[in-house]
Amino acid sequence: MPTETTNKIAVYPGTFDPITYGHIDVIKRSQKLFEKVIVAVLENSRKSCLFSTAERIDMIKNSVADIEVESFSGLLVDFLKRKNAFFVIRGLRAVSDFDYEFQMAIANKSLVPEIETIFIMTDKEHFYLNSTLVKELAKNRADLKDLVPEPVERALQEKFK
Amino acid sequence: MPTETTNKIAVYPGTFDPITYGHIDVIKRSQKLFEKVIVAVLENSRKSCLFSTAERIDMIKNSVADIEVESFSGLLVDFLKRKNAFFVIRGLRAVSDFDYEFQMAIANKSLVPEIETIFIMTDKEHFYLNSTLVKELAKNRADLKDLVPEPVERALQEKFK
Amino acid sequence: MPTETTNKIAVYPGTFDPITYGHIDVIKRSQKLFEKVIVAVLENSRKSCLFSTAERIDMIKNSVADIEVESFSGLLVDFLKRKNAFFVIRGLRAVSDFDYEFQMAIANKSLVPEIETIFIMTDKEHFYLNSTLVKELAKNRADLKDLVPEPVERALQEKFK
Amino acid sequence: MPTETTNKIAVYPGTFDPITYGHIDVIKRSQKLFEKVIVAVLENSRKSCLFSTAERIDMIKNSVADIEVESFSGLLVDFLKRKNAFFVIRGLRAVSDFDYEFQMAIANKSLVPEIETIFIMTDKEHFYLNSTLVKELAKNRADLKDLVPEPVERALQEKFK
Amino acid sequence: MPTETTNKIAVYPGTFDPITYGHIDVIKRSQKLFEKVIVAVLENSRKSCLFSTAERIDMIKNSVADIEVESFSGLLVDFLKRKNAFFVIRGLRAVSDFDYEFQMAIANKSLVPEIETIFIMTDKEHFYLNSTLVKELAKNRADLKDLVPEPVERALQEKFK
Amino acid sequence: MPTETTNKIAVYPGTFDPITYGHIDVIKRSQKLFEKVIVAVLENSRKSCLFSTAERIDMIKNSVADIEVESFSGLLVDFLKRKNAFFVIRGLRAVSDFDYEFQMAIANKSLVPEIETIFIMTDKEHFYLNSTLVKELAKNRADLKDLVPEPVERALQEKFK
């Protein structure tokens, strides 16, 4: 079992293609709860990404102050071990993700029993927001200022120029 | 806010690859409610289509009498603006679409606040019917006469000859 | 089939114990679509009500300008017939109501085939709001000003004095 | 905003009529994350309880070592304020609770913005376990040893003697 | 483990207050699969019933030819044991029952490991039909001939005379 | 209608890429109910498979004793006809499959009315297990011994060597 002093490290994994205000809301809520929150950017996501891993990491660093961001590939539990982290953070948005979320949470726990997956509710403003929608809107030159931070908005405009 | 006399125009967007009796059921119900219903065929759908945009439009025109059909690409709200329409029609079929439907409805409303998304219930005969199923059945030469109108059945037979 | 000129009358049925900003949001959206919207207050609801039918009607009239409000008991379709209305309005809030909503919509349609049930999405501010929650909060003297109109707030304060 | 040193207090509210291994699983997971976890037993639950508030508190104390247990009535947020707690813990079991959980979480947050509701996944052994089922089984003299701790089993046997 | 020759007995438990064509559809489908299907009418249901246990049994016998019907109280698994049955039949209607169905199926299996719960899909005509709806319609003198067999219709008319 | 003596043949269709203990659990439960269970491996699945059809069939035969396994392409109902089978078995795992399951069950029934789709509940150990997860874990050299039989584990290790 994790000792009292070292275990309040949490990992927030995802594709972040790109990061939205929904993700940032989850990060800020998590930081109130954990000593350290590491954003873990999945490298070889099954879905092909609009932005490279490096670009996705840069956008997160430019959007959230003082946050540790790293990329990872392979199993999440292996990344957790390397980081000595025992908590996984998942943002709760929509019913439809649920099944997959539970599956991953149970799979991770069966691989490393000490791991807890903590679900944090996105605020209702961001409950239906996701990266796919943001990209769709960006492609059609819609206003994104309520959906993503300014550095992300600029990066999207650049991509779809 | 839309004025009383001009705003009863509704747009029913979709891929319609191909149109089924489920879609036609929604169109007929909508026509009882709105002064004009425009079927908007999405051009650059993310999923690759079996039929071209022109073929999909033709099948709709051959299956529904006196209906306005147009293709569109880009954001639905931009198409609505061009058509001076303030209502979007969505057929309610299955729970699993729900999250996406709400997301799109909220996104559209946040882009153009006057827009209302109206959900109309498909009758229970068509509650589990969709275009993917129809194509799967057509590919295997199943009888389609309860699922799609005759011009669509012929077009499907031609494709899978 | 309803004729073109007389059929744009809609009924919005419910218990309204009490009316909330969520209900009012649905009424306002409906009024953009229908010539007349009648709020139908269910008299003998299975759940016992905090407010009498008369009180519930009064609160609606004091909260929404120029709205027709009536009580009804028995089958909704019988009320619709008396009002010569062919449309039922239902606010779409949460996944969990869904099954019941469909059941009622199909039951109503099987009794009177001309009836259409139209689902209108509550805005996201009110997506998780309902009368039970409002009463719970009122009982504990919480601030209700974002949840119900001022006449309803006063009536609730009076009840729980 | 809560300060770094005082805010790691969490409240786990519920009826606990009686406590099950599912609840205890959530408590143990929470204790790894928070400095203090207070179990808050709801006094005037809408559903009438099999056990009195005092009995329910006793069973919790007899089942979980070194846990702070208190009863509360009224709004949860008022109890949180009195305890200087900013976190609410909810066990994630079944899809059907979801809507209610979100509603309460949003309502609590709208009353006291600093409050975070944290969802913790029950392990799969207890995913379908609840107090109602336990009482049903106890009434029919089924074996309860995998469902509730020994003091609860005895209390149930006593009740249904 | 049940032996090959004796175990094709199934129990279909429920309140049946009253039996509908939805239940009968499930019974008929079950009879194609099992050697014997026993309809088990729950005596002390938590919800108070419109019809007495004897009336509910009579209506089933008058509506379905050559069916074994019995009442039971207490745990379903105890009834199964007395009947030497290893299969429980449940009609699959709506998403919202799901959680409860799984809970009961798992509970039954944990009490008697040999028990299998078999879910059979109601046909789409009856997917949204249930006894509560039927009673609501009967109370208001709606036509019930597509929903319940003739003996049930008469019994309902008698009750609500 | 199927005759009493020939109709207790069931088909369990799927991709089985690869077979897991979840599938095997469903097969074993089905064998208690049916005279013969045929595992039907879908050849031209829309999703590209990790294993060839021959490899998938081999793994099933090496993992389950005395089971009939065949590949099929085209419509499931055509395969059922060739096998003189009237029952389709589906494992019930997660809510999210539900819509698709019903659609297929209704489609199959509308093509061949005698066909019944029987849903069997996976035990709770396997409720969140699927082939995609297994492949993801195998790719990252996780321990698979609780998820798949030994011949499948070896085949996966070989693939990802």
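Note that the chains are named A, B, C, D, E and F in the order they appear, and that numbering of residues resets to 1 at the start of each chain.
Just so we're on the same page, a contact is a pair of C-beta atoms (placed from the backbone, for glycine too) under 8 Å apart; a residue touches a chain by one contact, two chains touch by 3 or more.
These numbers were taken from a predicted model, which means no experiment stands behind them.
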{"item": "Neighbouring chains common to subunit E and subunit F, by label", "value": "B, D"}
{"item": "Joint neighbours of subunit F and subunit B, given as chain labels", "value": "A, E"}
{"item": "Repeated interface matching A-B, over half of the contact pairs identical, chosen among E-F, B-F or D-F", "value": "B-F"}
{"item": "Chain whose Cα centroid lies at the greatest distance from that of subunit B", "value": "D"}
{"item": "Subunit C and subunit D: spacing of chain centres that average the CA atoms, whole Å", "value": "34"}
{"item": "Between subunit B and subunit D, centroid-to-centroid distance (C-alpha), Å", "value": "47"}
{"item": "Multi-partner residues of subunit C (at least 2 other chains)", "value": "95-96, 98, 102, 106, 124, 128"}
{"item": "Pairs of chains satisfying the touch condition", "value": "A-B, A-C, A-D, A-F, B-C, B-E, B-F, C-D, C-E, D-E, D-F, E-F"}
{"item": "Of all residues in subunit E, those that touch subunit C in their complex", "value": "94-96, 128-130, 133, 136-137, 139-140, 142-143, 146"}
{"item": "Footprint of subunit F on subunit A - complex, ascending", "value": "74-75, 77-78, 96, 98-100, 102-104, 106-107, 110-111"}
{"item": "Subunit A-facing residues of subunit D, complex", "value": "1-2, 7-8, 29, 32-33, 86-87, 92, 95, 98, 102, 105-106, 109, 116-121, 123-124"}
{"item": "Residues of subunit E that touch subunit B when the two form their complex", "value": "95, 124-125, 127-128"}
